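Sharing a structure here in structure tokens format.
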Amino acid sequence: MHQTTSTASHPRGSLELVRRFFANVPLLAWFCGALVAVILERAVGLSMAQSLGMPRIPVLFGFLVFLKQPALIPGALGYVLLMNILPICITAKIGAPVFNLVSRILYKMPLVVTALVHLAVLYAVFHFWADVNAYRMIMLKMMLISILLTLSLNVINGYMGEFSCSHPGFMALGAYAASLFTVGLFVNDQLFGPAMMTSDYAVVFFPLGLFFTGLVSALGALVIAIPSFKTRGDYLAIISLAFTFIIKSVLENLEFLGGPRGLSGQPDWSSLPMVFIIVVFGVWVINNFVTSTMGKALNAVRDDEIAAEAMTVDTRKTKIIAFMFAAFWAGVAGGLFAHVLRFVNPSTFGIQKLAEVLAMVYFGGLNSVYGSIVGAVSISLLGEALRPLEILKWIIIPLLLILVMIFRPRGLISFKEFNIHNLLKPRG
Amino acid sequence: MPLLEVSNMSHNFGGLRAVNEYNLAIEPGQIVGLIGPNGAGKTTVFNLITGIYRPTEGRIVFNGQDVTGHAPNRIASLGLARTFQEMRLWRHMTVLEHVKMACYSKFTYGLAGAFLQTPKRIREEAEVEELAFASLKMFGVEQFASHWPTDLPYGAARRVEMARAAVTKPKLLFLDEPTVGMTPEEMLAMIEVVRKMHETLKPAVFLIEHRLKVVSELCHRVQTLVFGQVIAEGTPEEIQNNPKVIEAYLGEEKVVA
Amino acid sequence: MNLTFFFQNVVNALQWGSFYALIALGYSMVYSILMLFNFAHGDIFMVGTYIGFVLTTGLVALSAAGIVVLPNWLILVLTIVLAMLFTSCLGMLVERIGYRPLRGAPRASAAITGLMIGIILQTTVLSIMGAQRVLYPSLIPTTAYTVGGVSVTNIKIMIVFVSIALMIALHQFVQHSKWGMAMRAMAYDYAVVPLMGISINAIAALTFAIGSALAAVAGIMYGMAYPILDPSMGILFGWKSFVAAILGGRGSIMGACIAGFLIGFIEIFVATIFPSTLRDLIAYSIILFILVFRPHGLFGEPYSARLRL
Amino acid sequence: MLLTVKNLRVSYGKIKALQGLDFTIEEGEIVTIIGANGAGKSTTLRSISRLEEVEPGTVMTFMGKDMLTYPPEKVVSELGISHVPEGRRLFGNLTVLENLRLAAFARKDKGMVGRDLERVFAIFSRLNERKDQKAGTLSGGEQQMLAVGRAFISGRQLMLLDEPSMGLAPLLMKRVFESLEEINKEGTTILLVEQNARMALKFARRAYLLEAGRLRLQGFCSELMDHPEIKKAYLGG
Amino acid sequence: GEKEQADAPKKAVENVIKIGFPIPLTGDIPDVGESSKNAAEMILKQVNEAGGLEVGGVKYKLQFIYDDNESKAESAVAATTKLITVDEVLAIIGPQASKQAVPAGGVADNYKTPMISPWSTNPNATLNRPYVFRGCFLDPFQGPVAANFVTDEFGATKAAVLYDIASDYPKGLAEYFKKAFEELHGPGSVVAFETFTTKDVDFSAQLTNIIRANPDVLFVPQYYNEVPLIVKQAGALGWDKPIMGSDSWGSGDLMGLCGDDCKGHFFSTHYAAAGATGATKDFIEGYQAVYGKTPDDVAALTWDSVNIMLQAIKDTGGLTGNLANDREAVKNALGAVTNFDGITGEMTFTPDGDPIKCAVVVKIDDEGQFSFYESVCP
């Protein structure tokens, strides 16, 4: 017993050293460091890659290279070190005093301003990173969308503690509703005829459309919310599973939506800024909700419904709001998803999708906004990075998840609140 | 007019008549005790009045309003708070959040406030937080505000439960065996806590206890329930000397402490 | 609807439902005792089928080569016994590796683990057997009998009979044997089971062994009725038996079995009466409605946990 | 010595619940461990039942056998140590009778089980009336009787009782203690954990006082009863 | 060896043609991916062993990059994007199933990269996408072929159809068959139009309905792995009339899975394996020799699609090394291919990128061989 603790303390010790070394680095510095790194990559990435023996910039932090061309591993590692890790760390550490100063000034301003500045830098990082390659772009969009999806499922499965299997259904509702809106109104298309409106104002219409899309999903959520008054747990899981299958079957039967063939021809409106803004807004709203007492009522209902009722919590209202709210964002995510793929069909929204979101939620951590972000990002990155392994990937990812479940049954980062103030504050 | 009036309430579990023709009237500010052997139906009476079970027969009027068969949260928002025999704290909420949660019906910021950081929400959350702290202080557990209930000592957890019930300044407070599992010392402290709370907030209290010491120290009036039926009602002294009570509950020799 | 046609569909539904019932039995066994969603069950069933396939093919080949000449019925019996054995070992292994470390964890975590174990099993079979389908060798020649216009095969009769017999046997076991009693106790509160002198690990392993052995039987029956196997065939059955086990009611083995048959009947009759495109839509709507109006399943007990005393 | 415990240490993560207890129990004795909430009383019982992993250095022998080599179920079935856990922990989905039957799961002497069942029903006649009711729907007091009855059947060498008086009405409490006395007379050694120190001290022969995971006092009950510290903190003045 | 490898890519950069295959190696239809890969690997080996592909007098080594699309639309999009923008392939072969081919086609068209989906029948895959082609004939052609055949051959006036509603290909084909048959015999002549869902294994309810409707023939446009179950179950329920299938029956595995039950039935397809001659025969034999089984329709169509793509590359007359120009040239060359002589028939692309090719009707004879019965050309 003593031995294990002493061996375990060694890596923790060095990690602790690293942590302490960077203790005075505020978030802004990290973001700016990343910005420097991506800009540097744009400027000299290609020549750097070539001088390290690679034909082009490694897109996924070298992962694809590691798995496909072992001979290039040293090059890829060197690239990641020189182009990603070092610029970030050096900028962050050296610039820390300056960034702390800026942070301090920002911190005195209203939170909105501070947050917007950080987000703007973050967006710039994303933009430059993804701009290098279209593959990065599509991955990034998918990743952002899965954050929204995961977080919305976490509202039900984590915060309210139900095992809901209805998310593919909500997502399908959103994906189809949004497609119907854009394809029907803005696109010349065989199914719905010529465009009724011009797409000049996509920036306005698309978010608006997504809002209605979300409402459609939210209405669909009533099918599950109402039975949830009387039943919980396993039975509700089945009700929600049935919901998913019903939605899928309805879509297969609706000829005017393309039936099993699906619907294509969505305009290319899920641009990076659009996805970024909507996802950030969604995360902000969900975070607001779960930190309010009204949102905490979900936890109360989960942990002890009787006690919640006895403490004046309106459990029915709480459940309805939770389901509709989660469905709303799942629907929005579905709408974005449909416009990234520019194609939807019913079989996308089946058991496989369910397993995927469930994995993201439980991997990342229940009852935690952080957790959902970590879960969505790591599972989608892993899924993409391990693609070259083909079948082996489907052993590695499940094994990883099993290990996480065994050692952290509630996920990597569970029951941890997202504290914006703490995050944005200067550190020295 | 009594604050709470229960008339002819009965309840069956399947074939078992757990509560039979039960009557009760509590005046504002009064402390009423309910004693009786295990399985007499005391907790069931609580659950019936607070709306967790719906009575098979009978009528419950609280604060002039018929609440028979109403949902628990509606009854609670009218000003009836309670604690539970086995503590029912929420596992993954901090102590402060527990107490804030009990003010759920006080929030008026609506969905807009829940989703967006409206000024109204920020103000209301802050107000309630203050209330919550005050309540925690009254029960002497404010130092645990950011703890999770699983980290609390037993006595503190019981007090948190009471702080949670009392934060809304209820008109009527139900306490189900507040001193169960306590050492005599802790029990005495608890009696003081309840007394102090009663002096400040002046709620009516309805209290289940097995410890006669608690009952006789606190209660103005005591009911004895046996097999779902009230067999005696009166002041603590009367009850302790009532032969029926002695036979069914106390045992032949008097147990005082 | 004319009568022959109706009875033909009843026969069809009985056979189809008996698979749901059989697989739901094994699922429900684990589910109602360890209270965990064993999402790997469908894939254990799949592995059971493949084990049956390998055994039968092997034994038939041995026979054909004249090394050990066995009559077909003996091959069948041997296959069943050995497949049950191997599959229950697999089940116990899954329990040991995937679920035992998660005993104290939330049930949903175990569900995720199950899901992942399922994927691993599937991937493993896929990489061993290859992507192409395999044909389950037929040991008993299918004979079709026609009774009053209704066509029944010997295999159908056998399957229905086996599943009903297993259901009764299992129900008796769980309700009346001391092992069954221990299992039910474990379902309620596993942590104090050792205080009764009962080993938790033994009961959990036994539960998985029985559940998986049932899956093997189901797999072999399946192979005989629908002889084309592919590694992903377990998914659908896994989820359907999940539905059946819960529709039947928490903790009710009988309920799971009956719900399995019910789902079979719903699917067959919906496909018969309505345009078959609407089958899933209507079938799942019916299931949804049943659960809305019987929130605790067909035979489940209402939440007694509503009030802890 | 029936049970000898030396240097018992248990911790939950960082919390050191027990920090080196030494105590003994003689055959046929009634011994009680008293102490405030969270002192570690339940933990002590749980480690005797092997439900809690003890830290290295702990020695526990029962009738000369090293207990640490036994898994929890064998402690019951082979050593005959039964345990009435805190909070009763009945199998709520089983009937009263099934709960009792289950307690006999690993017993070798099947013939005697019937007699013991009758004995339980004789001691707690209330249980006899509710034989086929699900244990989960019994009232608190009824549940406590069943829990004691269950332990009575599962092991008869040493019975560990964790706060049997919790939530019991005075009359019933007396009834339960009377029956425990009877059980003890029939040869079962009893280790009782109680918060109700007055009751416990009256009932037991010897007592240990536990405070924050350490033994504070020990001795015969008759002496401890007059100990000023105990009087003040545990007997209510 | 390591040093060589590290140097290799640089030197070879000019002399390699890369083609990307976003195919389903895991997920719902791994067998489809496997067949595609098998066929592609055969070509790769052949061409590279012969020193490479000669384009405009220069020999190019072929490099095929397979990326798993997991049978998911979103993965197909990601994989195709990766192949085009990261691996910088010249052209794409795949994805196979429509639910991946439709969105992936969008990507290919966006990046102006020629793509052939060997197996997708959904019109949307190629519609208004000049860079996207397909290798198989479309439902509007095959449906009437089957309808005409059953009318002429069996004198059928009433037909039944059983198909998978959740799958693109069977559904389209079933509908076109129905349309064609009802044009011939009047509305209502398709007396039973029954469906099931992907992965179903029990068809007894549908077959009972079909048998009750008493049609003359049953049309089953399903995959070879579902056909045996359907045929066997139909037999057990007393069906003894002919069953007509589609090109998706055409796999060597069919008989292995179906045994005697499938003998005597017919299906329309691209080529008849029994008695095949020339290139077709070579392909079948070569495939059998390497993989130990007869190729299925996916393999055959992939084979043709790759070859037609290589043909188009050759037809460009020379690659410039500028990827965008080369892709454009290949696309133009693909559109200009006429009467390409593939093993699945002669192919010419319509302006939409769909092939015009002939179909054959094959009978499964008593030896279990797919023997030529008749040929139908558009």
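Read from first to last, the chains carry the letters A, B, C, D and E; within each, the first residue is number 1.
Heads up, the rule we're going with is that contacts are C-beta pairs under 8 Å (C-beta built on N, C-alpha and C of every residue); 3 or more make two chains touch, one makes a residue touch a chain.
On a predicted model such as this, the values are computed, not experimentally measured, just so you know.
Kindly list the shared contact partners of chain A and chain D, in label order.
Both chain A and chain D are touched by B, C, going by the contact rule given at the top.
Can you tell me which chain lies farthest from chain A, using the average of the Cα atoms as each chain's centre?
D
As a test of understanding: of all chains, whose mean C-alpha position lies farthest from that of chain B?
With centres defined by C-alpha atoms, farthest from chain B sits E.
So what's the Cα centroid distance for chain A and chain E, whole Å?
It comes to 36 Å between the two C-alpha centres.
With chain centres taken as the means of their Cα atoms, state the distance from chain D to chain E in Å.
74
Hunt down the residues of chain E that sit against at least two other chains at once, touch-wise.
Touching at least two other chains: 26, 30, 165.
Residues of chain D touching 2+ other chains?
Residues 137-140.
For chain C, jot down the residues that touch at least 2 other chains.
123, 126, 235, 277, 279-280, 306-307, 309
Write out the stretch or stretches of chain B touching chain A in their complex.
Against chain A, chain B makes touches at 50-52, 71-73, 76-77, 81-82, 84, 88-93, 97, 100-105, 107, 109, 111, 113-117, 121, 125, 128, 164-165, 168.
If you look only at chain A, which of its residues touch chain C in the complex?
Those residues of chain A that touch chain C are 157, 163, 223, 226-227, 230-232, 234-235, 237-239, 241-243, 245-246, 248-250, 252-253, 306, 351, 355, 358-359, 362-363, 366, 391, 394-395, 397-399, 401-402, 405-406, 409-410.
For a test of understanding, state which residues of chain C touch chain E in their complex under the given definition.
That would be residues 5, 8-9, 12-13, 15-16, 19, 123, 126, 130-135, 142, 144, 146, 151, 153, 226-228, 230-233, 235-236, 267-269, 271-272, 275-277, 279-280 of chain C.
Within the complex, which stretch of chain C touches chain A?
Counting only chain C, the residues touching chain A are 37, 98, 101-102, 104-113, 115-117, 119-120, 122-124, 126-127, 235, 239, 242-243, 246-247, 250, 277-281, 284-285, 287-288, 291-292, 295-297, 300, 303, 306-307.
Help me check something: in the complex, which residues belonging to chain D touch chain B?
For chain D paired with chain B, touching residues are 36-38, 87, 126, 137-142, 144, 163, 166-172, 174, 195, 197-198, 232-237.
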